[in-house]
Amino acid sequence: MLNTVLYLVLNTVFVVAVSPLVMSLVKKVKAYCQGRIGPPLLQGYYNLFKLFKKEIIYSQNSSFIMRLAPYLNIGFLVAASVMVPIVFLPQISGIGNIILFLYLMVTAKFFMALAGLDAGSTFGGMGSSREMSLSAIIEPVTITSVAALAFVLKSTDIPQMFATTLHGSLTQYPTLILVAFSLFIVIIVETARVPVDNPETHLELTMIHEAMVLEQTGPKLALMELSHGIKQTILMALSINIILPLGLAADAGFIAIIVSIVSFTVKVLAFAVVVGVFESMMAKIRLFRLPSFFMLALFFSFATIVFELLA
Amino acid sequence: MNNALFGDDIIKILLVFLIGSAALVITQRSLTSLFSIYALQSAILAAIALVLFTREATLSLLFMALLTILSKVVIIPMFLRRLLAVMPIKRDLEFRYLTPISSIMLSAALFFVVYKAFTVFSASLAVGPLFLLGAVIGVSLALMGMLVIMSRRKVVTKIIGYLTMENGVLLFSLFIAEMPFIIEVLIVVDLLMIIVLSAVLAFGIDSSVEAFHKRLSQLGLESED
Amino acid sequence: MIQALFLGGGVALLLAAAISAIGGQGSGSGRRRAALGLVIVGVIAWCSACAIVLADNSNLTFQLYQLTPQLGIAFHLDRLAAFFILIVSSVTACVAIYSFRYVEHTGSESRRDMSVAAMSVFILSMVLVVASANFFAFIFFWELMSLSSLFLVMFDREKGETAKAGIYYLVMTQFSTLFLLLGALLLHRYTGTFDITSAGGLTLSTAGIIFTAFFIGFGTKAGVIPFHKWLPFAHAAAPSNISALMSGVMIKVAIYGLVRILLDVLSPELWWGTLLLVFGTVSAVLGVIYALKEHDLKKLLAFHSIENIGIIVIGLGLWVIFGNYHLKTLADLSLFGALFHTLNHAIFKSLLFMTAGSVVAATHTRNIEEMGGLVKTMPATAAIFLIGSAAISALPPLNGFASEVMLFQAYLGAFQVPSPLTAVLLFTALAGFALMSALAAACFVKAFGAVFLALPRSHEAEHAHEAPMSMLIGPGILAAACCILGVFSYQILKGIGLDLPVPNVLPVSLVALTVFGLAVLAVRRMEAKARVSETWGCGIHAQTSKMEYTASGFSEPIITIFSPIFRTRKIAHREFADKDKSIVSGGSGEVHTLQFFEERIYMPTAQFVKRIAGYVSGLHNVDLDANVMYIFVVIVVILLAVGQLL
Amino acid sequence: MDFMIIVGFAALAVVIAAASFLLGRFRPRTDGRLFNSLLIAESVIYLGLAVWLAVSDLPRFLIGNHYLFADTFGAYEILITSVLFLLSAVYSRGYLASLLERGEIERSLLGLFYGSFALLPLVLVMGFLANNIALMWIFAELSTLFSVVLLVTLKARENITAALKYVFVTSTAMLFAFIGVIVLFALSRTAVPGGTLNWTDLMAAASGIPPKLYTFAFVLLFIGFAAKAAIVPFHTWLPTVYVRAPSVVAVISGAVLNLGLYAIIRLYAIGHQVGDDKFLNPLLITFGAISIFVAALALIARTNTKKVIAFSGVEQAGLILVAIGLGSPVALFWALFHKAGNALVKALLFFSAGIFHRQYNSNKFFAIKSPFRLQPLATWGLILGSAAAIGTPTLPVFLAKFNILSVMASQALPLFIAVLAGFLLVAAGFGYFLVRAFSQPDDDSIQPYPTPMAMKAPIVAALLGLFALGLYLPGWLNTTLNTIVSDLGF
């Protein structure tokens, strides 16, 4: 019981805390690649603090959906984050169903998209429409990757998967590398990054995610941004802890937790660098070309499955 | 024996005449001559019945012959002529599906079809060749009557066709098996009623509905006033 | 006790039908209320009967009536039947509450009376179908169910659209009945009994044929693609309370039949499972894609019914496949997932149809492009619809997710299947399943957004009013059920003794709720000071509804991506001013979406039949001579044949 | 005493017919009500006689030479006919009044109409009582005659054409049946000295008749009686006649159809005794199945209510024929049951269509506007009648279809599937028609035709009868049908 409470608090606090940092780091890396200095690493935190102090303004046309969406968003994403152990592997079992994990994120997205439509502005509608379309076509990819993971690791429980890879090694599960590719693409899509989306611009041609939250203001926007960061962190955590679980604490010891937190921070920052570099290398793909990009991920997942089936 | 053979020959000759009359019914265009041919045909039938009577001495055959003469040679043609007198048409010129010539050729083919069908029958029932011939001609006559019904346009002609069919059936019954007498009488009565009715209908089709209804209410039995 | 409750429920329904059918003078709303009240009493009696059966796990067989020496109307209540009756009655109760006010909103007095009467018969026959102990009774009530619902579909009979729906519905429903007859009578041929019991001693091919017949029969009624075409028409044309019943309950009766056949009567083979899986997947994916394209709110929901039936059929298919490989846990997951989803779909789909009915009644249109902004005028309806949308989009923690996740779990266990081919098939189907589920979410974002959010796009939508209380209570109860069945799904499954590897949604919901609460607390000060104002719109002077994203705009990207499915037919016609056809003087062009199933399967079949029928009719429209010729030819043929044969 | 039954049936009809003829002839201004009262009286007495006959000790010969006899089968058919007769007699009270009022029939012809109407049931009853097959043939012919008279009293030229079609099609076919009678008579000599045409004697002596030759006789007889029973391809008169005939006539003509089927069943029974099933069964099934299919196809996309009903009649006749051809006692039982149910369904449909014709002066579906407001009873009659015709439960046709199909499924699989497809077409045809008919836009300007009680009562009675028969198979009916089946040698 104590273990569970400790896990809940620690894991949640850590995820919430580290998310803005990761977001800022990606921005920083991209700035470096473009020859700029970029914002300070703590800019994410500053932004949140600033937004929390700002006034909330609602559009005249909006309804309770707009008001509720940020709360629901953060609620569901934090709930999802609970399912991805970062600080240590909890003793409680059966809390980390990967399908539930994915669908919690979909739920968050669902309400975000509704909020985008709520005010009746063209931007919001466009964002929602694109977001839901992309999420629909990425979903088979995601699920197939998950199926591949479940196949390889013989489990659908995230902590259990982590435990399996933690106690084994990558050489035991060579196909995980293939899955990692598709997971990476899934992360790119889900976190609204180039070449799928461009979080930097506010140009209607390119943006998806930003367009949806355009009408949000003040603390509400902060909640939205924060939940976006959380989403990115937990998705990264999922792939990190499967591919490279080194350092993850198997149980709740003080030292182990410190090691776990430090090692994860290092890994996630490294991942952020990779994402940043990747983003800088790519150009935005046309919306209707995206399905073929996703097919690449689907191919990796399927290849994994077929490989495992024949092996 | 000789007598029987002589009877056979006569019957054969009469049968040929019968076929001839049917062919005439198929081709004849004038309605009055059609009636005459029909009367003649019925008379031949009656003659065949009589000849058979001389051979078999069944009283019912005699009655049959008399009944036929009474009803088909006298009453029906007379009735038809009276009806024709008040109808605007005198001739039936149109043919459908078949020309007269092809009708006749088809009839010849039908003859073989019927023959083939009935040989099976005669073999197991031990019917003599003459009787088989009579039966086959009877059925063929019926089919030829049907040909008339389908290939001629005027209802009066169709009635003649129907009567020809009926003659064929009668011929068939003469050669295969006579019915109990009471049944025969009922059949003739029934036939008469049908003919009267269809004749009235035939009248109706070529006249106004009012005139038709007037005639219908009198069952067509009264002549034009 | 059970029997008394069961029969009492039946009597109550019959009385209800009688009260409203007999009619009377003047306003009949009191009469119809009495009838609907009786309906509710009746279904509550059924609910209790079924609750007892489920709790005691008792079996009850009794004969109601021996219609002929060989055939009797007999009933058999076991847990499966009780479960389905429970679905029927609980949903029906809510629909009846909803109907209190809904039936009064349109139609003449007598038409309303007939509608309530036919509805009572419809409900009664659905329950009796499920309770039937033999195929005679089954088909007896099945037909009653079909025809009473046909009457209900024809409620607005003057509309051309209703006529089309009626014809489709009647033909397809007869099609279904005939296949059931085929299956049932074939079974009778080989087993000698009409009882719905295990049929032993069938050869494999016979069993396969019987199964196929039943599958087509039940599949048609359930709306499995390609036998689905009646469903969108009928659901759209029917009054909304009836659509709720048809979509929520009636098509589940077909599922009941399928489950019963697979579970108790025949012993399924692997290929049956594959068949079910393939048809289920096609229905699920195509259903939702068609729904995305649809702008008629009720048709949209109808296509989602097809999708959800697809999900249920997928579940059954998985069950058969896993059962054949003796993977008991997976098989159980699939079967109970399918059954659970049947319940869930009954709940949220009737909820959605009822709220859609309220919306349609308020705006007098079914076209979602002409709605919009209703969340302000009809907030309660919107909230209920939102819960229904979230549930049907399989969002945790609602019930739609609870059942779909069971199927996901089953799918993810597919690696245990020894045959690689089957496994690949399963994983491919899984991808389709995931696609379908995500598209459903997209579709309901579109539906909810277009109907309730942003600015009203028509005069009617602007002046809509909130639905009356009874039209909120009915769906409201179901909305609550959506939440409870979702959040406590794990506990409920545990409670009824099913130990299946399903995720526990409760703790996650608690965490989400806590965070939600914390966030609200954190922002509460700012929220109190929140300002409502015009937001930035890129310099637009004043925003109007013309500028909004419409439903078609919303689904455009997906439609483009799936454009191979939405093939179009272009008809172009040009007129030229000169002989050489070089100067165009005018012309016209049309682009139609190709209704594949309608234009390539249904209509050609109908045309073919019609052509033959025309030919046959032509043979009759002839004069006497030709008739005599027919006889002549037949007689000659007979004579020839006799000459040959004897 | 036995003979008195015949006298009872015959004298009554003849007296009333004669009275009608004479009244019509010499007092042409007579009100139709008087005729009609006479007719209703006759029909009530007929029903009484039929019931009395049915409960009396059967079978028995009614005259010395065994030409006429009554067994359960005959009594059953007479009962059905009497019920139809009673219903249509009552219905005609209102219908004929309306015809007269609109000048569709002339007052001077009323006597003829009612006279023939009075005689037609007699002819039918005699047909059902005939033991002698030639006699049966004669009565079948006579039934054509009286139907035709009923048909042509109406003031429309098309009726004459229809009547001609009726006469020529059935009579030519019946002449071939007569050839069959003769052949049968000749055949019977091999088994009975001197020959016989009595059904009872033929049944008794069946073992002596060579099966092959019986086929021959049967085929010819079948041609004729199939024409009376409206079996494809001898059915072509039926749609024409039903469309032109007033509804009352159509209903009573349903009994004529029954007579044709009755004769076929009787003859088939002999064939079964003879041991000729091998040939007869496929023959009947072929013709039956073709009837179902052709009728089903012809029924689709019809615009004329009465034509739809007529083709449905052909389809039902086909079904009965198929059921007979299955040669199983169960199928035969349900075929017989179906005859009763079908008679009521047809009555219901025609009565309702009749009211529609009065209301809209047309049989076409597109004339039907605001039916529920104008003629609720007839509308429901048409709907429920159609539902019954396609075999909806709680109505008798369903029971018959279900049972016959179940026999079919166990005996002849391909046939079973084909017949199912046929039923689908029929259902589609009916549905297409009804849906189109009742989805016409309402027209509030049409005044309702004040349907007299006499036209409503038969519809209600037929409806009640149908539901009763569909939900409850009385013990006596079960016994009766079983007796018939065993009497027929199954």
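For reference, chains read A, B, C and D in written order, and residue numbers begin at 1 within each chain.
Throughout what follows, a contact is a pair of C-beta atoms (placed from the backbone, for glycine too) under 8 Å apart; a residue touches a chain by one contact, two chains touch by 3 or more.
Everything quoted here is computed from the prediction, not taken from an experiment.
In this assembly, the chain whose C-alpha centre lies farthest from chain C is B. We define each chain's centre as the mean of its Cα atoms; on that basis chain A and chain B are separated by 100 Å. For the pair chain A and chain C, the distance between mean C-alpha positions equals 36 Å.
Between the CA-based centres of chain A and chain D the separation comes to 78 Å, rounded to the whole angstrom. Chain C and chain D have CA centres that are 43 Å apart. Multi-chain contact residues of chain D (touching two or more other chains) are listed as 161, 164, 168, 172, 176, 212-213, 216.
Taken residue by residue, chain B touches two or more other chains at 117, 120-121, 146, 149, 158, whereas all remaining positions touch fewer. Within chain C, residues 624, 628, 631, 635, 642, 646 each touch two or more of the remaining chains. Contact between chains, using the touch rule, shows up for A-C, B-C, B-D, C-D.
On the chain A side of its complex with chain C, the touching residues are 8, 12, 52, 54-61, 63-65, 67, 70-72, 74-76, 78-79, 82-83, 94-95, 97, 99-100, 103-104, 106-107, 109-110, 113-114, 117-126, 128-130, 132-133, 135-144, 146-147, 150-151, 154, 156, 215, 218-220, 223, 287-288, 291, 298, 302, 305-306, 308-310. Contacts from chain D toward chain C in the complex involve residues 161, 164-165, 168-169, 172-173, 176, 212-213, 215-216, 219, 223, 227, 233-234, 236-237, 239, 279, 294, 297-302, 330, 372, 376, 387, 390-394, 398-399, 402-403, 405-406, 408-410, 413, 416-417, 420-421, 423-425, 427-428, 431-432, 435-436, 438-442, 471-473, 478.
Listing the residues of chain D that touch chain B in their complex gives 24-25, 106, 108-109, 112, 132, 134-135, 138, 141-142, 144-145, 148-149, 152-153, 155-157, 160-161, 163-164, 167-168, 171-172, 175-176, 178-179, 181-183, 185-187, 189-190, 195, 197, 210, 212-213, 216. By the touch criterion stated above, chain C contacts chain D in their complex at residues 67-71, 110-111, 136, 139-141, 143-144, 147, 154, 157-160, 162-163, 166-167, 170-171, 174-175, 178, 181-182, 185-186, 188-189, 194, 609-610, 612-614, 616-617, 619-620, 622-624, 627-628, 630-631, 634-635, 638, 642, 645-646. Against chain A, in their complex, chain C makes its touches with residues 372-373, 375-376, 379, 382, 386, 390, 393-396, 401, 405, 408-409, 411-415, 420, 423-424, 427, 430-435, 437-439, 441-442, 444-446, 448-449, 452-455, 501-505, 507-509, 511-513, 515-516, 519-520, 522-523, 526-527, 529-535, 537-538, 543, 545, 547-549, 553-558, 560-561.
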